[in-house]
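Note that chain A is present in both complexes that follow, paired respectively with chain B and with chain C.
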Partner chain A sequence: MDSKAKAVSILKNNFQNFLFVLPALSIFCVFYIYPFYKMINLSFYDWRGIGPMNFIGLHNYKELLGDHLWWNSMLHAGYITLIALTFQNALAFALALACDREIRMKRFYRVVFFIPPVLSEIVVGLIWNWILNPGMQNGQYIGFLNHLLFASGFPQLVHNWLGDPKTALTTIAIVHSWKGFGWGFIILLAGLQTIDKQLYEAAKVDGAGARKTFTHVTLPLMWPVMLVVMILTILGSMQVFILIVAMVNEGLVNHTDVPVTCIFSAMENTNRFGYACAQAVIFGFMLVCISFIMKRLSDRAKQG
Partner chain B sequence: MRGLMRRCSFLVAVFLAVLMAGCSSSKESGNKIILWHWMTDRNDTILKLAQQYTQETGIEASVSLFAPSDAYSQKVIAAAQANVLPDIYGILDKKTVVADFIKAGLVADLTASMEADGSAWKKSLFEKALADRSFDMANGYGIKPGIYGVPIDVSNEQMLYNKKLLAKAGIYSAPRSLTEFIKDAKALKLIGITPFVSGWGELWLLDCFASNYAFNIMGEAKIFETFRGRVKYTDPDWVKVFSVFADLRDNGVFIDGIVTKGNKYAEQDFALERAAFTFNGSWCVNVYHSMNPHLEYGVMPPPPVTNTYPLKIWGGAGSSFVVNAASPNKTKAIAFLKWLTSQKQQVVLAQETNNLPANRQASVSISSVLGEFAKGMDESTHPDIWPVNEDPSVREAFDRGLQAIIIGEKTPRQVAQEVQEVKDRQMAKGN
Partner chain C sequence: MRTNKYMFLGMTQSTLIHVFLMGMALTCLFPIFWMIRCALMSNDTVFVDQAIIPHHLNFSNFATAWIKGNFAIFFLNSVIYTVCVVTGIVIISSLAAFAFSRLNFPGKNFIFYLFVAAMMIPLPGSFVALFVLMNKLHLANTRFGYILCMINVGLSMSILLLKTFFDKMPHELEDAARIDGCGKLGIWWNMAMPFARPAIAVIVIFNSLNVWNEYILATLLLEDTKLMPLQRGLVVFQGANSTDYPVLMAGLTMAAIPIIIIYLTMQKHIVKGISGEVVG
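== the complex of A and B ==
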């Protein structure tokens, strides 16, 4: 075979390979690349969703920089994320550790702990709305939590949990953590089960107690898995939206606003599609940065 | 190898064909009209009527439901952008958006059909319902004057009271002023009954209630002057409007958590007799009937603060459809809507869905509670028929401010000041 024929054959081969990839590539371009391009493009326009589009350059971004409601919503999302990172992940890790031991009915617990993440966020919101209902009828509290607090002799703790700016966001964050801890639980449990049991036996032989075994064997080996859980928690918590809508509708003044509700509101309430796209671009960029930092940390942890 | 290449090329061609078919317009001509709607509670009846129409005329009326209404709204906007709108659809948005649809050539002008045969079709429908999708000579949207939509029912938002709960507090007639209402609320609270519930987690409903009092306190001319930027929100009359909410809050009128309550929950609370008064739209008759058929209640306009100006309630077209101007089936679509809004079909819709019919002659067949709602149509108004509307950002600041007053976070004066600041910013942008 001469070189020309060989080149044609390689070309044919490459073209054939490309044909196999083409359907997936087309889908990716149509449903990911194009909308992404369009979103960035729209962020430079003043547009109501229909009708003429006015090019305004970086004006939407400039306005966004001075929009204190937007940055407050970012702080709110950060607060929810912080609670998820600490409370949710600590709970997930504690339960994973418990279920990794030889305890009775551990399969049952695994299923039970994984029920909340399987439920739809709307369903979770509805259930918690009933639990947190602050209303009364015939002298009885309608909401389960207030009813329970009152019945167990803590009437001073009865509260309008979602209607008070001091408690609304924390309540949402706790419900979000309740809904999400099951994912972390499953991933952490899988991580715990990959740790060679001989390492624990060796530590025991060396005289390590439960605390030392945990800090010197379990934690270092679990660190890469925990980083994965942290990345997923951050990305999931920063984008919380449906749960908030299900629990407080359009929000409690601006105390429960998060970036996604702001983006939705800019499109739905004020018909500012260009501004909403600018918000989405900035928000997406921040999430990419966070993911990148976490990925670097994860890589370092694996190397270490 | 060549065979494999051929097969690959064939598969890719099929894939691309399928992809392109998915992106193509769904317009179909022939004996079929396509209607998209969002009304879950009316779907069965609309389907039934569509089948009846097919049997009577031989034209297939294909009805598709897309719910909830938020999702429907987004679907319509996306379909408009892709130019794949059906023959008949609804625009669930502000009049500015309706105007944008008309400007984009996506909504047919129905004036000629409405005014044919001595305006028979137009005259058969409630004027206020038609006004929602009509543009007059002086419209500020730059739209050719005409009628662009067909209402299939009408609605208005009023207050409702539970007769049984009021009787428990020794109250036997609905309050006629805000002072009386507060007095009744105190009497109810004294015997452990929550006075008032509403779904103010949905801001439009809160906005609607506040707007009623703005009309009552300062009259429409001053409201419109405020929207035009010639009267400030810090004006004493606007502060009075905000103060209505502070008064109601201070007197313990509101149910706990009213500002985050969705209307579905508020409807549940009223239907299950957890509150004595509510503020809701006329569609609630159907909702309450399904939740508690034995609920005894009456309808009243929100109790006025003063008699200086009439208290206007929001009302107009409950649900309306437009015809796609680019549709090849435009004439058939108009004929279908004419048939759907004729007396016979409107009676069926009103009786089966407990909504106020858009057709005047059909309103004789409605229940007594709906009749009470119908009386309010004469005193109704709607942002869609106002000559000028407030900027959505100012409106949002206004509604958020009302929430802040209700939860006791801000005073009426603070809110008035903050809303005016947003208004000033928007005015500066406009200039």
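== the complex of A and C ==
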């Protein structure tokens, strides 16, 4: 009798404790786990959003393999990622190095460099879209960039930056870098500040110059932090989408589309839900692989 | 002689560094300044007057955007969504994190690792299935549905952050509260929540930024203009009035300024939040 009462009270206790996670768990199951399952499930069907669902096995995936536009969009995202990895991260690292010393207005710089990252992609995209406006009125350029180029004596550089298929993607990548470098800057600066200043002193005593100190002290110690920044950059840049919506909308479909654009248009424009899900599965799988490899690299780097 | 040379080198070096930093700072600030500047011009002058400070200031664009451009509705919706989602995330995630850290029940670790795994797996395309689900539940095109979806977005991260914080809470605090007659809920509210205030600050800031700036789910789930938040409203407005740049810029300013103000006042927490998570 006594033990039974005890068991009941333990059960009651466990149940009470479980109630604490119940709200989180139910939201998580409904809005994360179920869509996750449904996404994989739908990718085996031909479905127009309403009406009958036809099971077609791996057909969506087979079609995806030969889909020109899809792999093209992957290349576009890869190109933006490449620019973000090189140009954006180099800039972030250079700025972090410049700020990692006793310097006036250090706080000002730190505050200002993180303003673009807190703005939304829509706001950033629409502002730049306006600055890059290619139009002319009364013999004057409307967009500030073209006006500036013209007024400062480079009329040959005036260009329809977002309208020309050759420059549109690069322009988007640069605006993406403008918006994103603040993240890398803050993280890298925090990393630089954890480096023991005595190491620099020791290197100086050993007769190392500025360059040697950088390659032999700063770089090896910063490697794990740089890997973290690289993971964040890759994941962020591969999924770029909203910025493109805001900057070119659907003006240059075949030149500026990225994987998320493809998924979106398969679903919204052609109503091919199954195909959109197959794209989402492949894309998600690729991102997981990339972040897994990078994570392994960074764990190894941390172990030294 | 030698010291002079070094001083000179040091000075040119620091000047160069300042020029570099200042240049980048200007590049960051200029587009925002340009947005505000153009918001203060009229449709007649915005295309022709390229002076840095415009010759005629015109404040009517803000009123036009607010009333005719529906920005009053968009702005109010953004505020509603941000407040509801962030409150929801803080309460739900702190309850769960408290249980993961301090309470026992079967399957606890499994459920916790489920949340951790969710954080590691990026799901860029799950919105397709989410859209299907929301239609089935009749939650598409409702405020409630959008709020629930956005709570889910911030949940894993917040649970993880709060759990590491609750793990550091001394057991004596908890025991003292229990002796004073606090139940589990009482300990959570009276001891754990105040203890985790710095973590909650970080969660509030990052999720506010995230909800205020969210676009994809707002596009998918909300078709009714009355329900749209600012980001969605801006794109709708731009689509309908593609040449009315001053009013568009006024709308952009209204979307950007609150977030910049929050950022400037909370700046220390943000830097701490990012660098603490990644480096420390």
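Going forward, the second predicted complex is superposed on the first by the 277 of 304 C-alpha atoms of A that agree within 3 Å, B and C clash if a C-alpha of one lies under 4 Å from a C-alpha of the other, contacts with A are read in each partner's own complex, and residues count from 1 in each chain.
Just so we're on the same page, a contact is a pair of C-beta atoms (placed from the backbone, for glycine too) under 8 Å apart; a residue touches a chain by one contact, two chains touch by 3 or more.
All values derive from a computational prediction rather than experimental measurement.
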{"item": "Clash or fit, chain B versus chain C on superposed chain A", "value": "clash"}
{"item": "Contacts of A:Arg48 with chain B and chain C, given as first, second, both or neither", "value": "first"}
{"item": "Contacts of A:Ile142 with chain B and chain C, given as first, second, both or neither", "value": "both"}
{"item": "Partner chain(s) touched by A:Phe31 [first = chain B, second = chain C, both, neither]", "value": "second"}
{"item": "Partner chain in contact with A:Leu297 - chain B first, chain C second, else both or neither", "value": "neither"}
{"item": "Partner chain(s) touched by A:Gly163 [first = chain B, second = chain C, both, neither]", "value": "first"}
{"item": "Residue contacts with chain A in the superposition, chain B compared against chain C", "value": "C"}
{"item": "Contacts of A:Ala208 with chain B and chain C, given as first, second, both or neither", "value": "neither"}
{"item": "Which superposed partner A:Pro23 touches (first chain B, second chain C, both, neither)", "value": "both"}
{"item": "First (chain B), second (chain C), both or neither touched by A:Val248", "value": "first"}
{"item": "Touched partner set for A:Ile127, first chain B, second chain C, both or neither", "value": "second"}
{"item": "Overlapping segment of chain C (options 117-125, 207-215 or 225-233) - the one that collides with chain B in the superposed model", "value": "225-233"}
{"item": "Residues of chain A contacting chain B in one complex and chain C in the other", "value": "16, 20, 23, 30, 49, 135, 137-138, 142, 249"}
{"item": "Chain B contact footprint on chain A (complex, rising order)", "value": "12, 16, 19-20, 22-23, 26, 30, 48-51, 129, 133-139, 142, 160, 162-165, 168, 247-254, 265, 268-272"}
{"item": "Parts of chain A lying in touch with chain C, wherever the complex brings them together", "value": "14-18, 20-21, 23-25, 27-28, 30-36, 38-39, 42, 49, 91, 94-95, 98-99, 103-105, 108-116, 118-124, 126-128, 130-131, 135, 137-138, 140, 142, 144, 147, 151, 178, 182-183, 186-187, 189-191, 194, 225, 228, 235, 238-239, 241-242, 245-246, 249, 259-260, 263, 267, 273, 276-277, 279-281, 283-284, 287-288, 291"}
{"item": "Contact set on chain C toward chain A in their complex", "value": "14, 17-18, 20-21, 24-25, 27-29, 31-32, 34-35, 38, 47-48, 50, 92-93, 95-96, 98-100, 103-106, 108, 111, 114-115, 118, 120-133, 148-149, 151-152, 155-156, 159, 184, 188, 209, 212-213, 215-216, 231, 234-235, 238-239, 245, 248-249, 252, 255-256, 259-260, 263-264, 267, 270-271, 274-275, 278-280"}
{"item": "Sites on chain B touched by chain A in the complex", "value": "1, 4-5, 8-9, 11-12, 15-16, 19, 70, 73, 77, 80-81, 93-94, 96-97, 100-101, 103-104, 106, 192, 194, 199, 201-203, 255-262, 265, 269, 272-274, 392-393, 395-396, 400, 403-404, 407, 409"}
